[in-house]
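Look for chain A in each of the two complexes below; its partner is chain B in the first and chain C in the second.
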Partner chain A sequence: MREKLSNLYAKDGTKAVLSSLISIVIGLVVGSIIILLVGMGNPSLGLSSAWDGIRLVFGGLFSTGRSAAGTLTFGFNPTNIGNMLFRATPLILTGLSVAVAFKTGLFNIGAPGQYLMSTAATLYVALTIPSESVPTVLIWILAFLSGMLAGALWGAIPGLVKAYLNINEVLACIMTNWIAANLVTWFFDGSALCNTAEFGKTGYVYKTSYNGVETFKMGLDKLFPGSQVNGGIVIAIVMAVLVYILMSKTTLGYELKACGANRHAARYAGIADRRNIVLSMAIAGSLAGAAAALYYLSGNTEFFWSTYQSLPATGFNGIPVALLAVNNPIAVIFTGCFMSILDISGLQLTNLTAYNEYITDVIIATIVYLSAFSLVIRMLLSGRKKHKAAAKTSSAVETKPAPGPSDGADEKGGEEA
Partner chain B sequence: MGADNVIEMLHITKEFPGIIANDDITLQLRRGEIHALLGENGAGKSTLMSVLFGLYQPEAGVIKKNGQEVKINSPNDATALGIGMVHQHFQLIDVFTVLDNIILGAETTKMGFLQKKAAREKVQALSERYGMKVDLDAKVEDITVGMQQRVEILKMLYRDNEILIFDEPTAVLTPQEIDELMDTMREFAKEGKSILFISHKLNEIMSVADRVTVLRKGKYIGTVETKDTDKQSLSNMMVGRPVQLEVVKAPAQPKETVLHVEGLTIASRGHHKRNAVDGVSFDVRAGEIVCVAGIDGNGQTELIYGLTGLEKTKSGTVTLCGQDISHASIRQRSRYLSHIPEDRHKHGLILDFTLEQNMVLQRYREPQFQHMGFIKDGAVRTYAKKLIEQYDVRSGQGPITIARSMSGGNQQKAIIAREIDRALPLIVAVQPTRGLDVGAIEYIHKQLVAERDKGKAVLLVSLELDEVMSLADRILVMYEGEIVGELDPKTTTVQELGLYMAGAKRTAKEGETA
Partner chain C sequence: MTFLVQQTLIYAIPLMIVALAGVFAERSGIINLALEGIMIFGAFVGVYFVRYMQEAGTFAAAKEAGDWVTLQGFELLAMLVAALMGALFSLLLSFASVNLKADQTIGGTALNLMAPALVLFLIRILANQNTLQMAEGDAASWFMIKKTTLGFDRSAELGFFGTTFLHKVYLATYVCILLFIVLSIVLYKTKFGLRLRSCGENPQAADSLGINVYKMRYAGTTISGALAGMGGFVYALTTANCTANGDVAGFGFLALAVMIFGNWKPLNIAGASLLFGLFKCVAASYSSIDINGDGVYLLAEIGVSPHFYRMLPYLITLIVLAFTSKKSRAPKAEGVPYDKGKR
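And then the complex of A and B:
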């Protein structure tokens, strides 16, 4: 049993998961400390509010409000869970977008731009095809695909610039982000899609449900009554699995990863390195595009089109989701859910205490910061293992074939200098 | 065991997961001696030196300097003790100039500003004194490996180190450069500097070292005086079995032409006016080994890039197996040619991939390894296992070892296994034995000869005269981008070859049209 545990511990994957979990725990603890400090420093909050706040940070998902006596109650809350899944959908997809790019050696910081372009394409298609003459299912599919396509095209631009002009994709991504923001604003400014039906609304585009187009619920609304959840989460999970298969099982994935890991060797092997750079950015873009499409096709979300001053946070939040998942597409499902749990916790904080939801931003920031340190944490984990092994060296027999310098000890000496 | 030992490493043991890299090794370096450390790849030489240089902490054993026990926890400690090291893989910053690289970490500053002038003078003085020519203002990425090494040596001298570690310094040098390096090393020793010289080239050890310590598979085998031993017994000590030092091969029986190159011209990178390869024409026939000899940087690299498609050609034609491939893609060419590249880290391997993934670097698209775009993991694993077994590629975890963690020699063996096993009509091998030990060299030479005997055409680029002379059926000498002579190894001498390589002599043949 012990043997098994220690073998499990020696695995790279275990260490990756552990280091991410440690980042998360430290992030939550830091968040709690801040809640405590804010609570102590504010007479209207005090210690008991701080305690409430901390409990909500850890257990916001299972919060069921306050009892008559005014104490927090916890339990199974289907609405929260449904909303969590709904909010996780775009996060999972932007997380996948960033993870795919990372795996191929690219940093897709352009997810917000791709997300915006997809938003525009999705809404335009969903709202302008007349639902009287075309089945809404077909409109939905067309809108979803055009969203992905728009994202893919927008992602391909930094890819092209990188592949043929050798301009860093981060720069190009940031620029295309703002170009997208302005383009989209300009596009809706002049369009007939602005919501004029609901009185008092300015700056919003119609919900897609205005044209009868919304994502099918797949019975999830029965499972989680009162929430916004829909079939989007299922699509997101399926896409995560598809991305996993693409990256680790196919020749295309092999090529993409080869280009990312060593462009020269890929070229040597006859792989079209430029094409693959463009392709991986396009795939990343299409995933960010899918995020926007699923979010706005839900039918209960509306788009505030004046985006020229700010970029959608969902795009950027893909970065921590991917980092925390160590770029593993399957793990992205869970880290995407985790990020949206924090969202829910933030909501509960504002609803049930005098705190505001920005505390959760602090937690996210801490986690992102720490996930950048995940390598250090992993090293610490390996160090601990070594220590333990050294302590019982008398029993000899080294059974762990842990990765690391084998007879390549030679090689490593040079690299660490 | 007297006071003349400047460095003593006593009973050093260093373990890595799954392997004991150094097992109770003792090494004593006397003042003013050149002490060679001999062993196969993975014998633990570099690990031992990394321990001395503070990169690794040993699990057991002590290090003494001048009889005093010292703790070396980092390269900084080593530098403070006057220990300098030229690594096998250079530790230079590509985008910095030579001068910046030399002074990096030991900059003289005044009020926070660099005092480059003084540094420049010191470096210039050193480089003149030891006859080591470097272009101080060139960026490292633009200079040859030979010059990069001189930069590394100057780095040590600049820091006034008195104990110099050379980790396989000659692996990348031309014969003349090797001679110069040997002279420089003798010069250093005469001045009282102590030199640890890691190598597995017996010629060099016999000619320059005073004593040799032999390691094998992490264990200490013995220390001998070079004057009391010979190459054969040293290599037997190192490998643990009698080794054949000479290449044995029957006369070549060349058949049809496989590769035909006509007037190939390739522009040089950078701002040089002359072409890197200038109007080169030659043939390689099935069943022969044609060797391109020359001093590093005379266009061999570009020639091979041009042939394999890594670089665009300016003019001229390349015909391979009857097809004009002058403008074909790398993938189209790789249907006919195997390429053992010069730089195994840049081109040969994807270091972060596993060994098995690297084994199918060109072949993953073949039906054998994929079905409808899905890679057949099982088939890849089986194939990798087969190659690993057949070519004796050693690694910590077999097929799933990350290539980066393997020793240089085994990385090279993996590449050779992959390329030879593709069984294509032409094998292009660029410095295939660079940095390898006698056992591995013997093996690779045998493989190349065997492929020749199977009717493959072999184009070999080598900087090592011994290799050229023993392996080639025909020698083409390149000088400044041109082929200046075609020699028959049976009728020529090393001296004559050297003259051609230095540009002092050339055969006037049809090349006079220019």
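And then the complex of A and C:
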């Protein structure tokens, strides 16, 4: 079914794009309505500030601040675009992480935990190998790889308990997230990696540039002056292409997708379903790990180590990135950029108006909510008790998609039946 | 010991009531992954209601006069408001999963993302900071029941049970226990409960007997939302001193784990939540637990890192699930959208 679906998808690519665009527009409109309501309900904010807020929600990327007269100005802003690309890098990778798991019928809500474990591994390697005796390029590569490895190992845990002990992967992922948050805090608590050199920075781990390790810029900093952009975005795009090749052009990718479509049928066809579930989660984990590695190896980002009460939002935002991209690795590149545009808009909103960046999270949540409908058919088999639903006779569930009112899903449903 | 029991109850009771919320949804056939989000939303609404009422001065006279009965009524009112708004918020989930037959996991995740975002957005605008507090005083001075409020003398000796269950407690805790018992009876001993459960086991058969599956699922999810919203406020009131900050530290997910561990049965859930409450209590206040009252703080002195204690509830959940998941028996039709035309 997944195979058939992806064929359908190829044919109906435009429809998928259209339904994602509709979700995005509705999400932005909902955000604007909330801003409007809050603005009208609050005398100190008023309509004009609400109008400012709404304009920033839609065009935050092109905001250039406020003019002397106090009105918002818009225009081409290379710093914003460079920062957008920088922030898109981890989002693309966590998006890929969630997408790969989805293709195998698993919901990887554990990306935040994998991201954190990779952060710890990356920073540890990048900061402890002496840069006097080892070339920094080598350290960079080692740190990047160990980050991916840490993510993969952490991702494999929910995969293992799902495959062998039949624990719902969503719950397992959430528990591993919090365990990771505590482990990482424990790891850095009192460690020599905490920044003691700069005053007021004890809550942070040293930047990797402290040890001379930095991601190469590839001239992007010249293109977008004043921004944090670096070669990480190129690596992220290359990885997206690699994942696309893995999922669509290799036997392993086919097996993974077969497990996602129907685990039991896949086993009947001689595919090692358990191994594939673990493998899929490990790949997903390594991608989330790469996200953290690239983010912290950039050399100008700091990690606040006392993180036991909070999980990194980048991990969770991989979910909307993947959902919007309908789990297509290439589309993830664009939806990742879109999410980081929202991020930038949120920052502009905080800096330039009385509103704050959380409105962009509301918009993201709305988009996820809407994408739940358009995924009706695709996800009918997965969810908590997927295998059970499938086992229950040959269950009409698999053969007959439920009619969904959202247009894209409906049309696909029609062809499927 | 008194401290240990009270602290454990403080964590166990919200866990218990929210796990029951999960049971109502899942028994009707809807996976309510949004428990966490609804809790966050309920906590915010309850705290905001308290704050708003304080600013309006509605209960100022009662507070002035030390009329604790009215203040307890205020607390119950806030719980009710949180429950109503939680139910309202959960309609988003029922609409998506019953009417639109959407994927329930993603729908629930959307609500989980929505609640903290919306709540933090509003808190920032209302309070100019990331935490919403009461307008004046704190939970202890307004809502906590002490032995002096009950008319005992300050130096009165109430014995172990008296000091544990009557001194420095919240009415909300007991209301939750009562609700838990009543709703468990409703689920198992009434016509409504039987119909609800049948929709989670075999909706087609239920439908053939004239039960409206859609209505039942709406009912299950709405009750679930109300309980989770109330549980969120009770959590904020008793553990966070009546403040809301868009976070309940994974409590909604722990409740889901408790529900699975308790095998979707109220009695087992009550036991499981006490166990998890104990671990949560150890994690939160290991350094001040004095088990037999001899001034020896054992857990603080054996030298285990506090990070380990904080990790414990989640680690134990995972391990316990690993051991029990083979035996667990979920409602058969949960997570499967009901379609009349389907065989």
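By our rule, the second predicted complex is superposed on the first by the 362 of 417 C-alpha atoms of A that agree within 3 Å, B and C clash if a C-alpha of one lies under 4 Å from a C-alpha of the other, contacts with A are read in each partner's own complex, and residues count from 1 in each chain.
Note that in this section a contact is a pair of C-beta atoms (placed from the backbone, for glycine too) under 8 Å apart; a residue touches a chain by one contact, two chains touch by 3 or more.
Keep in mind it's a predicted model, so treat the numbers as computed, not measured.
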In the overlaid three-chain picture, which partner chain does A:265 touch, first (chain B) or second (chain C), both, or neither? first
By the touch definition at the top of the document, which applies to A:364: first (chain B), second (chain C), both, or neither? second
For A:249, is the partner it touches chain B (first), chain C (second), both, or none of the two (neither)? first
If we overlay the two complexes on their shared chain A, which of chain B and chain C does A:109 touch? Say first, second, both or neither. second
May I ask you to name which of chain B and chain C touches more residues of chain A? C
Applying the touch criterion given at the start, work out whether A:316 contacts chain B, chain C, both or neither, answering first, second, both or neither. second
Chain A positions touched by chain B in one structure and by chain C in the second: 400, 402-406
Chain B - residues contacting chain A, complex: 14, 16-19, 21, 41-42, 44-47, 49-50, 53, 55-56, 59, 75, 87-89, 91, 167, 308, 310, 329-334, 339, 341, 346-353, 357, 361-362, 364-365, 370, 373-375, 377, 394-397, 401-402, 404-408, 410-411
Per the touch rule above, chain A residues touching chain B in the complex are 249-252, 254, 257-258, 261-262, 264-271, 390, 398, 400-417
For chain C, which residues are in contact with chain A within the complex? 31, 33, 92, 96, 100-107, 109-111, 113-114, 116-118, 120-122, 124-125, 247, 249-250, 253, 256-257, 260, 305, 307-308, 310-311, 314-315, 317-318, 321-322, 325-326, 330, 332, 334-337, 339, 342-343
Please output the residues of chain A touching chain C within their complex, sorted ascending. 34, 38, 42, 45, 107, 109, 161, 165-168, 170-172, 174-179, 182-183, 185-186, 189, 308-310, 316, 319-320, 323, 354-356, 358-359, 361-362, 364-366, 368-369, 371-373, 375-376, 379-380, 382-386, 388-389, 392, 396-397, 400, 402-406
